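These notes open a run of structures that come right after.
Common to both upcoming complexes is chain A, partnered first by chain B, then by chain C.
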Partner chain A sequence: MQLFRAFLLRLFTTAITLSGVAVIVFFVIRVVPGNPIAMMLPPGATEADVARLTARYGFDKSIPEQFLIWLQGVVQGDFGTSITSNQPVLGLVLGRLPATLELSIMALVIAVFIGGFIALTGTRNRGTSVEAAIDVGNGMALSVPDFLWGLVLILLFGVLWPVFHISGRVTPSLDLPFTTNFYLFESVLRLRFDLWADIVSHMFMPALALAIPLAAIIGQLLKQSLKETMHLDYVTLARTKGYGENHVILREALPNAILPTLTLVGVQFTFLIGGTVIIERLFSYEGLGNMAIDAVINRDLPLIQGIVILFAAIFTAVNLIVDLSYAFLNPRLRHG
Partner chain B sequence: MSFLAIKGLSARLRDTSFPILRDVFLSVEAGEVHGLVGESGAGKSMIGKALLGILPTSIEITHGTIELDGVDLLRLPPAERRRRIGATAALIPQDPLTALNPSRRIGPQITDRLVDILGWARSTAEARARELLDEVHIPDPVRVMRSYPHELSGGMRQRILIASAFAAEPKLIVADEPTTALDVTVQKQILKLIAEMQARHGTALLFVTHDLGVVSKVCQSLSVLYGGMVVERTTVRDFFREPAHSYSRALLAATPKYTDPLASLTPVPETVIAAVQAEVAAHDRSQRNG
Partner chain C sequence: MKLSRRSLLQLSAASIAAGAFTLPAFAQAIDELVIASNVNLPAWDPTVGPSAVNPTLQGLYQSVFDQYILQQPDLQPAPGLLTEWGWNDDKTQVWMTVREGVTWHDGSPFTAEDVAWSLARVANPETGSPIQFVWGTLANHRVDGNKVIADVVQFDPTIFKWMYFLTGYVLPKAYYEKVGAEGFEAAPIGTGPYMVEKFERNAFVRLKANENYWGGAPEFKTVTIKFVTDAAARVAEVESGNAHVTLEVPYEEYDRLKTSLTGVAAPISDIGMIFLNDIDVMLDPNVRKAAVHAIDKQAIIDRLLGGYGVKIDTLETAQYDAYDASISVPYDEAKAIELLAASGYSPENPVKFKIQTTKGFKPKDYEMIQAIVGLWRKVGIEAEIEIYEIAKHYELRGADQLAPAAFYNWGNSVGDPTTSTGFAMFGPSPHSVWDGEDLINMIGPLWGEKDEAKRIDGWKAVDRYIAENALVIPLLQYVQPILSAPGVVVTPHASGALLPHLMKRA
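Showing the complex of A and B:
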């Protein structure tokens, strides 16, 4: 019952957040100079051509009026038509979403693995030179933003030692049997491991670039909480029972130390998704972020709006998932 | 031969070489209840921790042996030592609120040692846990085993920790001030329970406390500690009749008596402190020269 009320409240606040984002984006991109229609027409188009198209996309009306029209459509699931491609925004955006989701989730998984490994190794070797080396490495990883890691990776594994693909999502000459845009996921379902390998080899570099800073954050924070937890009485008691270091870290300390990290990962994961915009551009990866940059360059206002709303929706969903898993992992909240 | 024999145990802070334990000799017979008394910081807990292999990493053992059932623990390789301690000894911790893992259910926290270290079948271990919870007077053991620690009171949790300590039928249990963190009303019950369980299972008990009243009730023998040094080891009867060491006498005088709990207490006189400190210093000098 309590949970249900919390859930309703959550839905309500989510709706308010998304509306707020919609309003702000809608007005801001219209205040920024640059005429989308003029950019779209070939040189030499007449005044009449411009006026006709302006009317067709509704740009001749006042901004509040435009907003109401747009909102009416959104409520009915119509996010308007992209100016550059002349296709429904919703379809375009949803078509690109799987690529970005797969990239972000792969980056998250890599970050959790690397970060978790760092934290466990550091805790296992606390107070030794191994831990000191880990701290130095973490500091370095954190002081370089994801897109610079992207450049480093392109140089290292794309140019100097070309073992990974550094451009695109999949080798263009391949014949793709997919019905959805979740290429990575579908290749596994169809047992097409040849395609899977090609896709992973394309995704790995951008995903790693996104993952490195997050891995460092996870490593740092989780190690810190693990080390604090290792001093607690129930950990000591487990030692007297005959358990060794590894067991004590994994079973006694980790479940309790992981909560602060989990919250942080939630927040950081939204940053990571934000990071896909530049990383996708850098690696010519056909996802939402890449599309967003094109949309901004072309002043494709309906498309920008659609993408921003979608990003905002993803962020809220991520936060919701984090809160739910927090409640699941912490028995005090589960029963409270 | 004593079940536990600590001989010449010395420990110090790793960084500063500050002595924490000074040439400690201590023995506990099978089934005996031995009290470890002394003021705060005397090193009572450190002895228990050294023997259970849970000294803080900042403290190192420099000399001595800890023989548990005839085997010197300090000579065993770490994994073997842990296993041996887990199989023959157990700890009743001081604070029941922090000694149970908040994210694990009670049942597995009692049975884990039996299953993982001693290799029992899970069902046997669970039956054993239910039986023990019954012994420590916990109503509805089945429900309690499914609970999380935060759903239970401090007194309940301490009963669970006592049950857990006895689960593997250890030959020696270290109880480090097992009642100080509890409500005064619960303290007596828990003390009675520990004595009851000890008698039923015939376990040797190393009872750390600074309450001589408790010692007189549950212990047969005791060691008095000061500055990480055992200043006196004697039977409870002799201690309360006629303590040998001046520090012991002063400690006894500083303890309220049941016969007259309101009688004014004499704090340990400074001359006595000075004397025992001189003893400690003399010991340190002889260590350096020898």
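Showing the complex of A and C:
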């Protein structure tokens, strides 16, 4: 019951957060320099042409008036029409969301796998040169930003040893039988492993570039937690019972040590989604991030609003899920 | 070999991985041409919206749609969907003869009705064409056999040039009226050399050759244009063989790769320039003239751009109609010092102003301005650099609030002086920041000049006046680097459009 009440409270605060984001985004993007009409007008346009196009896109009204019109539309599920593509914003952003989610989830899986491996190996070999090497590697992974990893990966696996695709999400010549935009998941569900392989070979490099810094963070934190847990009495007891080191780490220490990492993974996942903006651009991956950059360059205000609000919704939803799962996994929180 | 359960699983996993991570190798003979484009295509309608006036998208549009008049790679017009065109004697009407035997991509015949409807549509303010101010100079479009006639509301000597410029495309009347704007966006058809087979926004467009194209079927039957906006990724695409052609790569990369790939670097119609706003110190002619004379344009081109650029002294390139090679403003450091001294300035007591520039919008834009500021410092000009986004430039220019000096690049693929010197320097234009009455009086009569030779001579005189009084600083004509696989021959187009139907097998 307490958990349910907490859930309702979080839903309420989430709604307030999203409303706040909507207001801030709407007003901020209208006061920063860069008028979409000025960008659209070719040389030779007269003042009358400026006025005509300004009215056509609704920018002749005051900002509060524009906001009210936009809000009325949002309530009815209409987030406006993109200035550059002349398409409904909601359809555009929802159409790109699956690509970004799949990329982020794949990056998260890779990061957890690599980070977990690093932590377990470091714990298993604590105090040795292996741990020192892992720490050095972690430091390098953390100090290099994801887009630079992307460039390194392009050079290594795109040019020198071209095993992965450099750009896009899927090979253009392939016929896709999908009904949703979750290509990766649907290819598995339809048992189309040829398509799955093609999609993975497009996604792997951007996902890995996103995953490397996160893997280093996970590895470092989990290793630290494991090392602290390894000194606790119940772990010593397990050792005295004659369990092997692997058993002690995996079965005894890991379940307790993983909780702080879980929270971190949740928080970092939101940053990881934010990181897709640059990575998607670098790899010409057709996700929300790539679309966001185009929208900003073209001052496509309705599209910017739609993307930012969707990103905000994802962030708050992920945080909510993390909080709930943390409460669910931690008996002290679950039972108050 | 003994096959255990574990080894079988390992073998299976390895097989799947090998299959998954092996790229389809490009055949030796190129069946499907892959182009790594530097721009995304946001919308298909080439006549309305911001995309319609984006010069970098015109190559994509011209692959699918035809313009009224064909523009050849040297920017000169040639018969296209219109085979002949002109004004009547008193220039109160225009007439156009429409090519016969052309079909739309859906197989329906292209007619004069399509031309008349397309022109009337963009002339209507309700349609939302950004170029309505040009198309609106014609009215009462009507069809007479295979001829289209329209009344001239306001004489515009460049009207036929706009027919191979921004938004000058013919759309299918019957199809558009049937499917509407949304349906057209989803399944666009034109009369162009390629038909749209598949389009993924922000990702790629796949084109199929139009075998019935009036200009002859394209050599490559399938073309995929991938939108790869990052220059490093484009280089990797073409270097790895994932793409056969790419453009707008850094000049250093072009030089590195042009030996292993095929490289073409030809001048295009875009120029780099510095707007001077007639405010503050820019009202002093000595300061303006010194600023121009102090810039060693050739050295900047050679050292910063690897020689890829053409020095210009007016806003007209050699391909433009009003180009006059006799107008020259030489680099002369001593003269710059002398001019500044006449106004009381020196390296010890420099004249100060702000210069705005983009950074990374055009090749080495910021670095060029840094170099110019360095050259200015030597003669007694201390300029403070402010970096702005291109969107802010448009906004400031529209409001006449640019800094005393502001770097910009100007595109003019039709080569008419109206669309270069005219719009950039005519005070009442929202795109000009020089408001001097003398220049307004010189340019004003040229807008409606009906005698073409007199009109061009008039613009040459304007260019000379601008150069002599240093009202703007023309810098260079850009060179566009194109890299292609050895099996592909690319014909560069001086407009900067990369056109797949002009590509041939080696």
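Keep in mind that, in the parts below, the second predicted complex is superposed on the first by the 323 of 336 C-alpha atoms of A that agree within 3 Å, B and C clash if a C-alpha of one lies under 4 Å from a C-alpha of the other, contacts with A are read in each partner's own complex, and residues count from 1 in each chain.
Please note the rule applied: contacts are C-beta pairs under 8 Å (C-beta built on N, C-alpha and C of every residue); 3 or more make two chains touch, one makes a residue touch a chain.
In this text the structure is predicted, and so the values were computed from the model without any measurement.
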Discussion item. Clash or fit: chain B against chain C, after overlaying the two structures on chain A?
Written reply: fit
Discussion item. Just to be sure I read the superposition right, which of the two partners does A:243 touch: chain B = first, chain C = second, or both, or neither?
Written reply: first
Discussion item. Just checking: does A:38 make contact with chain B only, chain C only, both, or neither of them? Give me first, second, both or neither.
Written reply: second
Worksheet item: Which partner, chain B or chain C, is in contact with more residues of chain A?
Response: C
Worksheet item: When the two structures are overlaid on chain A, which partner does A:234 contact: first (chain B), second (chain C), both, or neither?
Response: first
Practice prompt. Scan A:252 for contacts with chain B and chain C and give back first, second, both or neither.
Written response: first
Worksheet item: After superposition on the shared chain, which partner residues are touched by A:77: those of chain B (first), chain C (second), both, or neither?
Response: neither
Practice prompt. Taking the superposition as given, tell me the minimum C-alpha spacing from chain B to chain C, whole angstrom.
Written response: 24
Worksheet item: Can you name the residues of chain C that touch chain A in the complex?
Response: 16, 19-24, 32, 36, 40, 42-43, 45, 48-51, 53, 125, 128, 130-134, 166, 181, 185, 198, 200-204, 206, 222, 224, 226-230, 232-233, 236-237, 239-242, 388-392, 394-398, 410, 418-419, 422-424, 429-431
Fill in: Parts of chain B lying in touch with chain A, wherever the complex brings them together
52-54, 57, 78-79, 82-83, 85-87, 89-91, 93-95, 98-104, 112-113, 116-117, 148, 150-151, 161
Worksheet item: Tell me, which parts of chain A touch chain C in their complex?
Response: 33-36, 38-50, 52-53, 56, 82-87, 92, 96, 151, 154-155, 158-159, 162-169, 171-173, 193-194, 196-198, 200-201, 204, 281-284, 286-287, 290-291, 293-294, 297-299
Discussion item. Give the list of chain A residues in touch with chain B in this complex.
Written reply: 127, 232-234, 236-244, 247, 252, 255-256, 329-332, 335
